[in-house]
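In what comes next, chain A is part of two complexes: it sits with chain B in the first one and with chain C in the second one.
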Partner chain A sequence: MARVVVSVMPKPEILDPQGKAVQGALPRLGFTGVTEVRQGKRFELELDGEVTDAVLAEVDKMAETLLSNPVIENYTVTVEEPVQ
Partner chain B sequence: MRVGVVTFPGSLDDVDARRAVRIGGNEAVALWHADADLKGVDAVVLPGGFSYGDYLRCGAISRFAPVMGEVVEAAGRGLPVLGICNGFQILCESHLLPGALIRNDHRKFVCRDQRLRVENNRTPWTSAYAEGQEITIALKNGEGGFVADKPTLERIEGEGQVVARYLEVNPNGSLNDIAGITNERGNVVGLMPHPEHAVEELTGTGTDGLGFFTSLAESVLA
Partner chain C sequence: MARVVVSVMPKPEILDPQGKAVQGALPRLGFTGVTEVRQGKRFELELDGEVTDAVLAEVDKMAETLLSNPVIENYTVTVEEPVQ
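Up next, the complex of A and B:
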């Protein structure tokens, strides 16, 4: 078993109303000094077997077709628990 | 003409859309998202609602419904397709239309009678309108902000692919006040406001939306 994490973030040039809402709330709670908040999504995929290049290529395809919308979002794929 | 209206789980304007199709003088055909079958219709409407999978991104999972495979293929052959609100989101997720729709810039759900200007009457869905005609139809959305990168935005503006623009108020932060767009070929149209709610005097703001449903007949006669 291995865990592959896909992180999806709105592209820098795309407005992120949710991040803006969080940023607006922080000073009201006394947290200062945060100049920007961007809110994204994290997908944890539990996979059978070894994380080979072919498996990672497949995850990449999942990330590009369903987990993110490449028009407005960027994604990264990381292996969280390397195969023993 | 026979106009198919797709029902997804969560569609809530499919019945209104079928009614609008009939009032517009066409035959409404109910289509089911899980059937890869367009029943030989001459055009398709993807209605508004909250299609399943909105928690990922609006329209992101609906895009992979069996019926959408048929819609994408038929749209490629020139079949007229109109996506309203959630339907617009599904068309963008399907890459039948450029750009994407994101959460409203003010983060609130908005419901209002929206003034629009019809910018392009050369589509099978807008030929009943005059170019520049101003209309009022209902708008209701939480994620209706149209965005696209700069080159895409310049291209759709330059090619006249903006179908309708918001007047007086930009209700959701859409770039360039864009309320609706069409594809390069002009057969696929996405619109955030709801013309199917403005087809009878008895309810709503009037009948300004009817043109979207009578245009099909006119474009055939033309």
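Up next, the complex of A and C:
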């Protein structure tokens, strides 16, 4: 068992209205010093068995085809913790 | 300038219909070996100045009051990269 995390973020050149809304709300709540906010998605996948290169390639494919929209989003795949 | 990441995930005891939908779609797309999927949010905050303990406490407060719903979600705050 292992946990792999797929982080999906809007590409830098893509407008991010959710992030902008958060950014606009922060000063109204009294928080200062934040110059930009981007909002994306985080997927935690629990995998059977060990995380081999083949498994990571498979997760990469999942991220590209199902978890993200490669036209407007970038994704990163990270192995979080090898649970025994 | 520094980037702080706030990850917001549904609490383990909370149903996660988005994650379940992804989990259901994976076998239909030919992907096997994923036993659970949870979907959450990822916020990337660009901060002015250095990341001190006081700044992190402030970000923690943002996460608790604006970025997450503490009744149904857990959050973690991580410093990603100190950009000069």
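To be clear about the criterion, the second predicted complex is superposed on the first by the 82 of 84 C-alpha atoms of A that agree within 3 Å, B and C clash if a C-alpha of one lies under 4 Å from a C-alpha of the other, contacts with A are read in each partner's own complex, and residues count from 1 in each chain.
Criterion: a residue touches a chain if its C-beta (ideal position, glycine included) is under 8 Å from a C-beta of that chain, and two chains touch if they have at least 3 such contacts.
Since the model is a prediction, treat every value here as computed from it, not as a measurement.
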Next on the checklist: Going by the contact rule set out at the top, does A:V55 touch chain B (first), chain C (second), both, or neither?
Outcome noted: second
Next on the checklist: After the superposition on A, what does A:L26 contact: first (chain B), second (chain C), both or neither?
Outcome noted: second
Checklist entry - A:I14 contacts which: chain B (first), chain C (second), both, neither? => result first
Checklist entry - Regarding the shared-chain residue A:R42, is it in contact with chain B (first), chain C (second), both, or neither? => result second
Checklist entry - Touching A:V34 in the superposition: chain B (first), chain C (second), both, neither? => result second
Checklist entry - Between chain B (first) and chain C (second), which does A:L66 come into contact with in this model arrangement: first, second, both, or neither? => result both
Checklist entry - Hey, what residues of chain A end up touching chain B and chain C alike? => result 66-67
Checklist entry - Can you name the residues of chain C that touch chain A in the complex? => result 1, 7-9, 19, 22, 25-26, 29, 31, 33-49, 55, 58, 61-62, 65-67
Next on the checklist: Looking at the complex, which residues from chain A come into contact with chain B?
Outcome noted: 10-11, 13-15, 17-18, 20-21, 66-67, 69, 71-72
Item to check | Touch list for chain B against partner chain A, complex | outcome: 56-57, 60-61, 64, 92-93, 98-100, 102-107, 145, 147-150, 173
